[in-house]
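These are the structures, in structure tokens.
Below, chain A partners chain B and then partners chain C, in two separate complexes.
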Partner chain A sequence: MVNIGFQIVHFVITILFFIFLVATNAVIMVYLERKVMALMQDRVGPKHYGPFGSLQSTYDVLKLLLKEIVRSRETDNAIFMLAPMIFFAPVLTAFVMLPFSPFMTTSALGTGILLYVALSSLDVIGVFMAGWGSNSKYSLIGGLRSTAQMISYELPLLLSLVGVVMLTSFVSHNGIGSISFTDIINAQMHPWWLWFVLLQPLGLIIYYTCGLAETNRAPFDLPEAESELVAGYLTEYSGMQWAMFFLGEYGNMLIVSSVATALFLGGWSGPGADLAFWHAHVTANPGGIFSVADLIFNVIAVFWFLVKVYALQGIFIWVRTTLPRLRADQLMQYAWLILIPMTLLNILVTAVLLLAVPQPYTLWVTGGVNFLLLIGYIILLTRAIGASPKGTLPPWVEARKRAARTGLGAPGLPKPPAASLPPGEPEPAASR
Partner chain B sequence: MAPFVPILIMMGLAFAFVVLVTIVTFILGPKKPTPQKNAPYECGISEITPPQRRFPIKYLVTGMLFIIFDIEAASLVPMAVLMKRLGVTGLIELVTFIAILLVAFLYVWRKGAFTWE
Partner chain C sequence: MDLASIVFLVLAAILVGSALAVVTLRNIVHAALFLVLVFGAAAGIYILLNAEFIAIVQILVYAGAVTILILFAIMLTQNPNSRGSNPMNRQALIAAFIAAALCAGIIFALSQNNAISAAASQAVTQNAGTAVAIGNLLYSPTSYSYVLPFEIATLVLLVAIVGAIVIGREED
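Take a look at the complex of A and B:
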């Protein structure tokens, strides 16, 4: 039944919900981030305004609204003013295809994943415009670095989602998968706990890593590395224009978490989110298209979706306090030499297993092998970045060993005087 | 409602939101420009060299590689949607496709496109 009035009301409600969500999410996340980081680092954090300092970020927004917009006299005005819009527009637009519940979705778009990837590529243009239009050295370098980083991590991001798309094809009854978010969530409902994270844990981990890099969060926050680049492409921005970039960044975090929830964590599935159950037990229908059972179901569905989204956003904060920042060359090599081959391997292994293993065991074997791949990926990662404290020597010991082995100094450095000594001998006394 | 209309509406709302906020902050905020305040940021000293300078060709190479690999990655998606229907034929096509991708990948790797500094 097509009811144009109901559709318009539905559309307005969902759009207002998404705008409200983006705006409040930034305020809530800024507060939570400061408070949780403070607790993790044994500090107090914001405490003066409101209970436990919870009004701090609201006051910050009001303060930013009253600040002067400073523009450097050398900026390229048109580009400088447009950049926050170009950065923010794709973030808000990406909510169009995200279903928070069967009702809380704006458009039943068939091309969800591709639209999401396209929109997250558009963000890069905003960042580059900000870096270029500021006409300042730090902005330019920050913008370039950020652009290179965001486009490099775009590829493994898309490739890690291909495994999920493949699974929808195998779970569906007629063999045709889908890249629409609603369909992918429905594909994870058949037992309601059949979340694709159980079948594609490696996909989730790689997607989340790329999401961290896409949103320029620690440990991939090189463009905003204060110690070397002041504030990267944000250097020349001030007041509310600067806040627009931050709103976009926190909106991006929300989108990354929502997409991960929809594709890997079963979307709105959870205890109580069962439409048939509510239709059987609640029959009150006050004469509208939208019955009470629908209302209860949708509230529970949105609740579960938001619980999962905020759990994932909590991991953003946790990662930020835990991991140190990467180096620029490590960052690029990590994307190109580890993540892309790993995602391609994941696609091949998933395809072979899904086609080769006979029916009742297909999903079990695929999930098991993917967990093994995940363990392999973690081992590869620890070896690649040398993060394991066991067996790692201080750099000067490594350099001396290498020098003794090859007869050369460390690359790029002058030959150290101690290089001719055999390893293990004590340092010569530094007296003269 | 047509599925693509909400995209346009949402994008328009986002632009309007940013424009509105910028106008409000222009009205509310103080406007006291001074020559020092309006100088490009340079750690407190005045600028010595102009900011536009040559940047490493690496960024251009990364951009070109992105375009190539992104198109290839996007063309994996339709294959994945129909993977069960395509069956073993599809698997062979997938392996061939990724093999061709890997040849290009190894070539740029050996050429040193992924070594920074």
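Take a look at the complex of A and C:
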């Protein structure tokens, strides 16, 4: 029986660890992002404060803390003030289910993946409130775009994780899978380091793409497209409220990377951190009194987890410097026409292979076929990107031409004149 | 009074208060946002009843999807002034009467037979809320399960989705 004092200390330590991790991660990532982007674009980046400019983001935080919070007139006050907090709260809550090491977790929650998806869908409410409450056209359009984007990419995000859950049911002894992060990480260390990225590379790639879209990062950052929307739903925010949004966004990046690490990259497993060793140790002394060996093991485990998380976050930066931003309609088409069919195909193929292929070859065949699917996906993507835009028109022009042809009038658009439209006419202004 | 009942009372107060706000507030955006709070408090009560899975699905489906759809629809409407956008309910009196009658009926039914509520609470505490138990009950190929009704329900939903796409799509 573990005594209650130990449990309270454990809880306080983990909660403090998560809070400090979210806060410091934002500062570190802002600095890393500037420095790495500068490296990739052949610039110097921040260099004045501290060695290699490493104190730059600390100064930024101080500036943000001291900055006045400006509010425009006629905002919806309660919604405007609450939006940053409602955006940030689910981010912090989501760390409840993540095991950074056997010790560094608040609970072995049985419904980890579902909770993660539920919380990431709550984030949308904060974005909506910011967009609506600001009483500004830029904010409203930005909020609308972000909401649409986050809703559309939630679906392939959830579907891309189904393959992993099916694999846990295959790996476990009794044929019952699990959606708990602790169990999934343990399943990946079952025979040896059987990281699920080896069996579900397509799942990882699609999950990561959807993660980019969920966090509003480049190339899916058109809610914040500076040249057209000022700063999207963030336009009217300043000072610490604005910083709360950015804290939430970097926290979201951290969570997306942590979930990818836990589900696909084996969680905290690595040289020196092995499940069998931990089980042997725990069964040897079940008292729950923390020893030095426990401490060293958990530090190693947390270290491997954070290494993987920061490698994934580095890819976030790399993608941002590499890829151009998508257009709004391309964004939706990518989610609905490419990602969702691909995830459904992945689920079908994985299920059939896990049931049909005889025992010793099952995992080999499943992994191999999934790699082939990944190659197919990449070929599909290059064809979709490289397809000639010749002869295609923006959707609103198509809609108008269609309306002119049928004489029905597209919904939401004024009835067009009889003559065909010139191709360069501006889009009708969106009105509130 | 133990901790669970205190938490329950707090959650119930939040739920009732925000449910009243949904009905009475004049601004429809505020009403929709209070609806999120109602669903969240309901999820909290589910967690108190050990129904972890249902609580999270409640947040995922109702708070995360249904209200977002409502908010999204509000955002797309062209209403320059959102004050007074929640149409006043002209049948408030009848609605209050029906709600009171329903409430009285539920309280009467519960007070009539303590055996039912005792059996229900016992069933709830028997680990029924976990994902594995629900999954076994829905899909298990070996033990007794509801596979066929579930599959029929999914088929109906699929038909509904395809129908919605056909209706919502612009025809050439």
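Side notes on the structure shown:
Definition applied: the second predicted complex is superposed on the first by the 370 of 432 C-alpha atoms of A that agree within 3 Å, B and C clash if a C-alpha of one lies under 4 Å from a C-alpha of the other, contacts with A are read in each partner's own complex, and residues count from 1 in each chain.
In the analysis below, contacts are C-beta pairs under 8 Å (C-beta built on N, C-alpha and C of every residue); 3 or more make two chains touch, one makes a residue touch a chain.
From a predicted model like this one, the values you see are computed outputs, not experimental measurements.
In the superposition on chain A, A:Ala399 contacts chain C only, with no contact to chain B. Using the contact criterion defined above for the overlaid structures, shared-chain residue A:Ala148 touches chain B and also reaches chain C.
Of the two partner chains, chain B is the only one touched by A:Ile15; chain C is not.
Legend: residue contacts after superposition of the two complexes on their common chain; A:Ile79 is shown touching chain C, with no touch to chain B. Shared-chain residue A:Lys67: touches chain B; no touch with chain C. Annotation for chain A, partner touching more residues between chain B and chain C: B. After overlaying the two complexes on the shared chain, residue contacts for A:Val91 are found with chain B alone; chain C is out of touch.
Residue contacts after overlaying the shared chain place A:Met129 against chain C, while chain B stays out of touching range.
Contacts of A:Ala262 after superposition on the shared chain: neither chain B nor chain C is touched. Applying the stated touch rule to the two superposed structures, the overlap between the chain B and chain C interfaces on chain A comprises residues 109-110, 114-115, 117, 121, 140, 144, 147-148, 151, 176, 178-179. For chain A in complex with chain C, the touching residues are 76, 78-79, 109-111, 114-115, 117-119, 121-122, 124-125, 128-129, 131-132, 140, 143-144, 147-148, 151, 176, 178-179, 399, 402, 406, 410-411, 431-432. Per the touch definition, chain C reaches chain A in the complex via residues 27, 29-30, 33, 36, 52-53, 56-57, 59-60, 63-65, 67-68, 71-72, 75-76, 78-80, 82, 130-132, 135-136, 170-172.
Residues 7, 11, 15, 18-19, 64-74, 81, 84-85, 88-93, 95-96, 106-110, 113-115, 117, 121, 134-141, 144, 147-148, 151-152, 154-155, 158-159, 162-163, 165-166, 168-170, 172, 175-179, 230, 235-236, 239-241, 243-244, 328-329, 332-333, 336-337, 340-341, 344, 347-348, 351-352, 354-355 of chain A are the ones that touch chain B when the two sit in their complex.
Chain B makes touch with chain A in their complex at residues 1, 3-7, 9-11, 13-15, 17-19, 21-22, 24-26, 28-33, 37-43, 51-53, 55, 58-59, 62-63, 65-66, 69-70, 73-74, 76-77, 80-85, 87-88, 90-91, 94-95, 98, 101-102, 105, 109, 114-117.
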